[in-house]
Each structure stands twice: as C-alpha cells, then as structure tokens.
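Two complexes, one shared chain (subunit A), two partners (subunit B, subunit C).
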Partner chain A sequence: MSSQRPSGWYAVPAFAFFGVFAALPMVLVVYLSFTTWDGLSTPAFNGVDNWTRLIQDGEAHASVGRTLLLMVVSWLVQTPIALLIGVWAAGKQWSRAVLSSIFFLPLLLSTAAIALLWQVLLDPNFGAFIGGPLFLGDTDIAIYTVVFVISWQYIPFHTLLYQGAARAIPASLYEASIIDGAGRLGRFWNITLPQLRYTIVTSSVLMLVGSLTTFDTVLILTGGGPGTATRILPLHMYITGFSGFEMGYASTIAVVLVVLGTALSVAVMRWSGFRSMSSQQEGS
Partner chain B sequence: MWALEDQVLNPIEQKSIDSFKAGGGKAKLETFGNDPYKQRLRVAIGSPQAPDLFFNWGGGNLKEYVDAGKVVDLTAALDENKAAKDAFIPSVLDGAKLGGKYYGVPMRGMQPVILFYNKKLFTEAGVQAPATWDQLLAAVDAFKAKGITPIALAGSQAWTELMWAEYVLDRYAGDAVFKNIRDNGAAGWKDPAVVESFQKLKDLIDRGGFGNNFASVGYDVGGASTLLAQGKAAMHLMGSWEYTNQLDQSPDFVKGGDLGWVAFPSIPGGKGDVSNLVGNVSNFYSVTTDSKNVDAAKKFVTTTLHEESYIDALVAAGDVPPVVGAEEKLKKTPNAEYATSVYKMVLDSKNFQLSWDQDLPADDATFMLTQLQEFFLGKVSPQQFVDAVAAR
Partner chain C sequence: MKTRPNWPAGLFAVAWLVIVLGPLVYLVTVSLRTRSEYLGKSAWSIPEKLTLENYGTVLTGGFGQYLLNNVIVTVATVAIVVVVAVPCAYAVVRSTGKFVQRGFTLLLIGLAIPAQATIIPIYLLITRMRLYDTLTAIILPTAAFALPVAMLVLTNSLRDVPRELYEAQAIDGAGPLRVLVSLVLPLARPAITTVGVYTALNAWNGFLFPLVLTQSESSRVLTLGLYDFRGQFTTNVPALLAAVTLSVLPIFVVYLIGRRFLLSGLTAGFGK
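Let's look at the complex of A and B:
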C-alpha cells in the first residue's frame, strides 16, 4: 500500500502551514483561557476562574443550546432538500442543467449580501411581508428564520455534492434493477441512497461543523437578537471578546467551540463507519 | 492619527492636518468604521503600531486607556495654550477630564439626544409636542387610536433603547443615581429609583408606545428614521445627528418644516432637571504615551481644533461645535434654527451625561445592553434587570 502513496515529505508544507496558522493560535487560545485580559494590559493568569465562570454562565449555556438547535434543525432541513434536488439534477436533460445553474446562484453571493438581502425582505415595515409574522423580531421565530437563510444559502452547495455523487453511480446498477422490475422509488431507495451514503456523511459533517461555527450570517441578520434569541455560541464569544473586551473569557468559549467541533466530526465519522470506508471504484 | 470613517467629517479633519503641515508639522489621517475601529484601537494601542493621536468618546471609554497608562495628560499643554482651553465649552472639555486631568481635546460637534417628532402628524391628531410624561402618554394613546406607531424605536440595536432608559432614569431620579453607579460600582443599580423608573418605561412599552415590531427595526438601515419621515411613526428619540440624517435621506420632510424637536419630557415628581441632557458630549482626540511624536501631537490638539477655519468647516457640515460663542456662526447656516437650539440646549443644561455604554467599562456596558434588550422584549422585569446588572 505505502509504495503507492507519495512520500510523507510531500505533506511538510501543509503541516507547516497548519502549525503556524492553526495549531499555534489554538495553543495560544488555550493559554489565554486561563487569564484575564482586557486587550490592553498584559494577560494575567487567573487559574480556572474563566472555566468556573463558564460553568455558571447561564447565557453561555443558553447559547450552546441555541447552537445545537440551529445545527440539528439546519441539518434536518438541508439534507433531504439537497439530496432530492441533487439526485434530480443529476439527470442529463438540458432543462435540469439550466435550472441547476439558476438554483446555484445563492452560493455565489457573499454571506453579507445574503444576510442584508433577507434583512430588508423581512423588514416588518418596508419588507415583502408587511403585517406578516415578525420573522426577525419574534424571539420564538427568529432562530428558524436564521436556519432558513442559512439553508437558502448552502443547500445549493450540498446539492452540488449530491449531484456529482449521483452522476458517479454506475448506470449498470440501474439497468440491472430495471430488468429485475424495480420501480422509481425502489431504485432510489435501494440503489441511489446506499450509493450516496459516503456523500451523505461528508455533506453532514460539513453541515454540522458549518452550523457550529456559523457567525457572519447571524451577526448581520439579527446581531444575536431579538434580545438573545439567536445569540449562538460563536456570536457569544465575539460579543464577549470584541464588545466586552473580556479576551480571556472569550478564549475559554473559543476552546469549548474547538472541542465541540472536533468531537462532533469525530462522532459523525465513527457513527457512520467512515473510518472503515473502502473505495467504491470497481476493481479495488 | 486615527479617527472614525465619516464622509462629511474626514475632509475637515484632513484640512486641519493640512494646515498643521503648512505650519511645519507632520501628520497623517487613517480612518475606520465604528466597530472595527474600537477593536483595532484596542489591539494597536499597546503595540508599536499605536497611532499618535486617537479619536474617542471620552468618559469611561477613555478611562480604560488612561488607567492602563496609555494616554498622555494634556493638562499642562492646555494651560500653556490658554486660547485653546478657553475656546471650548467647559462642560464639554470636562468630558475627557479624569481625576482632575485633561486627557483629550474635543474635535467635533456636540450630540445630545433629542426627542424628534413629526409635526404634521401632531397637528392632524390635535396633540401638542409632549413636555411632560403624562402628555407623552396621552400622545401615545392618541396615535395608537389612529393606527400610527407612537414612537419609532430601532430596537434591533440596544443603544437606541438605552437612550430611553437614560432619560427616564435622569428625569425621574436625577443624574446622581447613574453617576453613583459609574463611580462606586454596580451595586449602585440597587437604588430603588432605578426599578421605579424602569417600571415607568415598562408601562410605556406595555402600553404599545413603541408598537409591536420594534425588535426588528434597525437604525443603520434607516428603519426608524424612515418611519418618522413617512408618517408611520410620530416620535423618535435619537442623537442630534438624526437631523443631518433626515436631511440626507428625506430632504423634503425636513425642508417642508415637518420635523420637530423638543427636549425630553419632564416626569411629574421627578428629581432630574428638565434641562439635563444625555448623549455624546463630543468626540475627543487623545495622545498615546508610546507615541514618538508626543510633542507634535500635543501641539496639534492645542493649536488646530479651535482654529477659526476648523470650526467654520464643522458648522458648514451641520455640526454644532463645542466652542464658546459659536452661536453667531450657527445663525448664518441654512439650518440655523436647529443648530442654535441644540447649541442652546447644551449651554443651558445642568448636566450632560455621556451615554451609559460609553461611560461604563466595556464588559459591564455590553452586559447591560444585553439585559436591556431582554427588558424591552418583556423577558426580564425591572427588578430582574436591576438584579442582573447589580450582580456584575
């Protein structure tokens, strides 16, 4: 096996890059999480004060809850839609190609533009839904509005993943099943879905970790409001660090985010059996 | 030197730099947007990249930098340049005075918070501009009955809500209550007057004073200002910059004479003087201690900012400069009525309280703003608000 792979030295640039721009800052953040630092003076070591504070900080707990809610709901919304559209778009008809490229547009817009666009559209006084529900102003609805906007932006990307994967399914499988008398639904259920399982895992990891670190959309769309109704953990970290200038405590929250994100992707990989995945290419 | 990005103001700042350069000095202006500015400054000021001169809001905002030993004491420099020191209105100059020492020099107009109203709507409803809290409540009921939002509030941003909290507490309890909180610690919030004034504010919210969708109205996108200009809302409590904003966004509304303004109403039995103001006293330039050009920077702040040409440029831009005797200049401007009345308000005020979020340390201010938003949403009662902020 090893003889088929390039030598480990090829990875040196990548590791160096990772070390300087990812590992080193992470170590610094862990150090800062044990200090009090207002951004002005030198960080002062304060032991586990930040960590005990985190355990008692109701606002931080609530923001973890919101983050998880956002994560689960966006996964539930995005996966089926992206999967179905992706499989549909994998067909070769020209109309599908045209529709797919139109559908792809949201992904080309910048996140800031999307957030501002929806903010204007959903404005209760001048937007498109005057007199309708307060999509951004109701504490019970706002988080779902955020999920909607994030989904609107990222479903096209995941659709693209599924479209690519669906096109790679060998046509011979379908041909054989048709001979065996399988219907449309049966083919989707017994061939397409199982063949797409690794794509589902990949897409899910991207989605889950992506929603864990979602930040810009929420910052611009709601700023965490109304009140704290959409203040998710990354935003809580940002507000603590860059409005309150409690850099030490914000670093503590950042460490929690890193741990959560890593744990999450490891868990998804494990649970989905990603580690034992084997190549699907014929002949291997 | 570092300042905020401002299309109107930056050219004026640049001019002051040019005139300083003409006199043999050296200077360069760099500007940033509001939030990025606060962050950049924070990080830069302890580093070799620190600017020589920086823009700030005075008060507690400046205090953190002063406490960290990063700001030059300008008292002696101002004493040497009597002309500069005497030029500024004392109460404004005091905005950057900490522990009896001056740490900044005013560099732009005064921005008290004023109650703006739509004159046309008031005439149609047969209501007077409110001078007392009861008149305000009566006006709220009158506009509600007509299906008009009584008060526009850009409640997706906490600082707009803060203006209401500041004025209600000031009028009801007087200016000493907040000063005590600022100077003697968060326990000062427990003064019973705070809960009582927040109860008044809660009554106003519950009465529908701000309508039912204020939590999704933003100020930066012009939401609240447009509501006022289009006659969808009758009143709007905002900083004095609202006038220039309206002039820019809805010129016909202002030129047609429909934009009215009054001081914040008095509260019956309240201890606060009705002349008291809250808002931005002014903005200031301060000198950093690590600067290699301390002397040049000192010279700049004591020679250019009260110069005739600089003040003229501020006035022309619609600012109300913080200098003594600016009235004559203001009378000659196109918006003389407004500018002179703002100027008079500041001169006559017994106390000019810097916005709480600028006057408190950043961490406390951030926490308070969050609690305030929850309060306006009805998620937190006056008592719970006080308990939370007092426990900080």
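Let's look at the complex of A and C:
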C-alpha cells in the first residue's frame, strides 16, 4: 500500500516556489538590515549601524506610535459594527439578504480605487463636504480619516465572517433560551457572543495584522501627510527605501514590522486562550 | 421560531446602507458629469446633463493596455498557484514523509509574513534575476504569497475525502498520478474554485508589487494605472472617477455572475 502514496516530489514545486519568493526574502531582509545599500550597487556590511540609528530615530518611533494608534482605533471601530451587522444579516428575512448583498459591494473595489474615491469625496474645495473639517489636511484629524476609510473598506469582509459564523449557531440554543424567558439582549449576550468567540479572535487577528501592514490606502490618500501625521511604519519603510534610497536602513524597519506582526499574532492567541490558528482552521 | 421586527437593528442597518452606498453613488454620478458642472456646482445637486465623454477620455488613455496586463497577471498567478498547490496538497494529505510535513508547517508559518516586510529583498531578487519591469516580476511573488492560504484551503478539503476512496483506487492498480487526476482533481473542485477566486482577487487588486517591481507604461497594471491617472487628471476629477468606475466594472460583472463563489472565496480558510 505504501507504494501507492504520492512521493515527496509532488510537493517540491510549491515548496521551492514559496522558498525562493517568500522564505528566502525573510532571511535576506534580516541580512540587509546589517548593510548599507542604495538599491543599485552591492549591499555593504556595516554591522549594527542601522540598529543604533533606529534606536535614536525619533521619526521611526513616532511612526510606530501612529501604527499602534491606527491598529487600536481601527479595531475599536470595526469590531462592534462588523459583529452587529453580521449577526443581523444572518437572519433569514429576504430584506436582510438583499441589504447584506449591497453591504458587500466595497469588497469589489481595489484599495487604490477606494483611496482615490475618498480623496475626491473629501476634497475641501470640490468634494462632498465643502465647508466641513479638513478631513485629510488637518494633522489632528487625518489619521482618524484614514481609520474611517480602512473601516469602510474592510467592515464588509468582517461582516461576512460574522454572518457565516452566526448562521452556524444551532437554532436549538435559541429555542431553549426563549423557553427560559430570555430577551433579545440576553440571547445576544449569553448565546451569540460566546458562540462567536473564535470568530472574534480570527477576525481580530486579521484586522490587527491588516492595520499593521496598511500601506496603499495611506500612500494614496495622504502620502503620509499632512507633515508626517499619517506616516505609519510600513510607509516610513517604503519612503526610506524607495524614495530615500536607503534600502539597508529600510530593511531594519522591515524587521521591526515582522517582529511586531509576529508578537501581535502570538499575543492575541495567548490572550484568547487559543492554541493555534491552524488547529481551528483545520476544524472548519 | 417567531421573531418580532428588530427596529433599532433595522435602523442601524439602513444607516450603514447610506454609508456604503453614498460614496458609490457619488462615484458613478460624478463620473457622468461634465467637468464644468463638477467645478461649478455642489456635489449633491441634480446634474443638468449626463455625459459619457469622461469614459472616452479614459479609454483612449492606455486603459486597455492596463486592463490586458491585469488579466495576464491574474490568469498567470491563478494558473501557477493551482498547478503547484494541488499536487502539493495531495502529497501533504497522503504522504507520511517528514520532508513533506515539515515543509507544510513552514508554509503555514508563511501565513503570518507581511508581504510589505519582504518587499526590499524581493526587489533585490527580481533585479538580480533581470526580471525588473516585466509582468513576470509581479506574477512570481504574488503567486508565492498566495500559496499558504491556497494550501490551507486545499488540504482542509482533501482531508475530508474518505480513506476508502484512495484504497479502492489503489486496489484498481492506480498509481499516484492517476489518483491525482481521476480522484483528487474532481473532489477538490470546490476548494480549487475558492482558491482561484481568492488568488484572482488578490492578484487583480495588487498594488505594492507592481509599484515597486515595474516602471514603464507597457508593464503597468490597473491599480497602478489609477494611481497614475490621479497625476494626469488632477484637474479632471470626473475622468479620474470614470477610470475608477471602469476598474471596478470587470469584478462587478464577475460578482453578478458568480456571487456565491466570490463570497465563499473571500472568506476562504478563515474558519467557523
């Protein structure tokens, strides 16, 4: 029987491909973080220079702070809205089905399209809110405007996750609680929320990692401005590397991004008492 | 189970409808306005006359080339992912070899790698491979970063195939290749569809790889084309929004035809 099993060769193309274009770059980025490189010549080893520079780089620290702010506020805005709409849309009424198919429309637009649309909409001279606040031009408001646009784009996706999960909750649980005299709020609190806890974790991880690596929205919408008010970490890396031609130092910033992302995923899993992402996914 | 109407939730849903639909209505109506009317009138006033002129401006401005490039990138990426991931998933599910299982674990760790963090070494690799400014430069890394999710979805689906089916094939004298073609491929079809949709959407909407790995007009894709249109049309916003609308149109048509596949593809592999 064992001769009928596929040989390891069946797996080689995929592994090789992933190895060259995803795993190898991960190793290379660590190496490059110890070099000076302008993007054209050969990278030259310079020890821990980039790392000592990073420790003193106030702009890099500020961009980490902005990234964390963006992550926290995005999560606080997106989670409750996506959860409520998802649970609502899981109902069987035709009106909910029609409305929820409209709710998913932003999923069809690319990030570039969404960022351009909102930039035009929020234009202070010709946009839809003339005379309103300078949504993209005010250093205090711009980052919240970014959060709003990101939420507009991604809430539909998370709604979809919650809708699917809410539909999978056994109806018998609700029937039993109605017999016990539970009200609508009681049912939501005692049945729906606990049943959705794994979905909340999955959605939160995706949301937080997503906000950590937000790039195209901010590049197009504000370019990091006004001033440096929306220059978050990935954008700081991009500008340092591809506009400032300091690829070595930009790699150092990229390593910070990887560390933050990994720490974040691990922390969310631990905090939620959830062993591994893959084990839940295998159960689906 | 009887349900009373849930008024607060309904109101909330309608409010959300306005937030979602408002900008989209704005997008389409402004793209149909004349330039002078856009500059001279409030955004929410009823347009006096509608024009398709903006769409003409966009279509004569290289849009066809960008669209073609996008189609090439998307089709090639999906083809690579399906061709390498399906045999690999078959091996992961059926093989007991350590090499295969360890490789699979490594690949799943890749789920957590943010593509941004690797963009500089990928730029290094692509320039050293002399692929810079080609469509291949976009296709290869896009496909590589689609592999972890693809493998997750495919292995989940193949694990549900009863062992007896494989054994029956073996008794019939079928080798691994025949099992792959006559058993795995048909059974994995829904999963392959999901992987295809997910990969296609990512490739279609990709921005960072094209931004960093291509340069010239001839290798420009749609998302980047939009970004450039902004520079060209700073004074012609209706034309810019016509370009945005045109970029959404192909996906919208696909959505109307295959709504079910698209939605299941979007949430692929993210559990219950």
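In this text, the second predicted complex is superposed on the first by the 257 of 284 C-alpha atoms of A that agree within 3 Å, B and C clash if a C-alpha of one lies under 4 Å from a C-alpha of the other, contacts with A are read in each partner's own complex, and residues count from 1 in each chain.
FYI, a residue touches a chain if its C-beta (ideal position, glycine included) is under 8 Å from a C-beta of that chain, and two chains touch if they have at least 3 such contacts.
The model shown is predicted, which means the values in this text are computed figures rather than measured ones.
In the superposed pair of complexes, A:G47 makes contact with neither subunit B nor subunit C. Residue contacts after overlaying the shared chain place A:T111 against subunit C, while subunit B stays out of touching range.
In the superposition on chain A, contact is made by A:L206 with subunit C only, not with subunit B.
By the touch criterion defined above, A:F103 lies against subunit C but remains apart from subunit B after alignment on the C-alpha atoms of chain A.
Residue contacts after overlaying the shared chain place A:L28 against subunit C, while subunit B stays out of touching range.
In the superposition on chain A, contact is made by A:A250 with subunit C only, not with subunit B. Contacts of A:G181 after superposition on the shared chain: neither subunit B nor subunit C is touched.
After overlaying the two complexes on the shared chain, residue contacts for A:G39 are found with subunit B and with subunit C alike. Subunit A has more of its residues touched by C than by the other of subunit B and subunit C.
With the contact threshold set out at the top, residues 39, 119-120, 123, 126, 242 of subunit A are in contact with subunit B in one structure and with subunit C in the other.
The residues of subunit C lying in touch with subunit A in their complex are 1, 3, 6, 9, 12-13, 16-17, 19-21, 23-24, 26-27, 30, 38-39, 42-44, 80, 83-85, 87-88, 90-92, 94-97, 99-100, 103-104, 106-108, 110-125, 140-141, 143-145, 147-148, 151-152, 156, 159, 166-167, 169-170, 174-176, 179-180, 204-205, 207-208, 211-212, 222-224, 226-227, 230, 237, 240-241, 244, 247-248, 251-252, 255, 259, 263, 266-267, 269-272. Of all residues in subunit A, those touching subunit B in their complex are 38-41, 59, 119-120, 122-126, 134-139, 222-223, 225-228, 239-240, 242-246. Listing the residues of subunit B that touch subunit A in their complex gives 35, 38-39, 42-43, 45-46, 64-65, 68, 70, 155-157, 212-218, 221, 223, 226-227, 232, 362-363, 365-367, 370, 373-374, 376-377, 379. On subunit A, the positions that touch subunit C within their shared complex are 1-2, 4-8, 10-11, 13-15, 17-18, 20-26, 28-29, 32, 39, 43, 81, 84-85, 88-89, 91, 96, 99, 101-113, 116-121, 123, 126-128, 130, 152, 156-157, 160-161, 164-165, 168, 171, 174-175, 178, 184, 198-199, 202, 206, 209, 212-213, 215-216, 220, 234, 237-238, 241-242, 247, 250-251, 254-255, 257-258, 261-262, 265, 277-278, 280-284.
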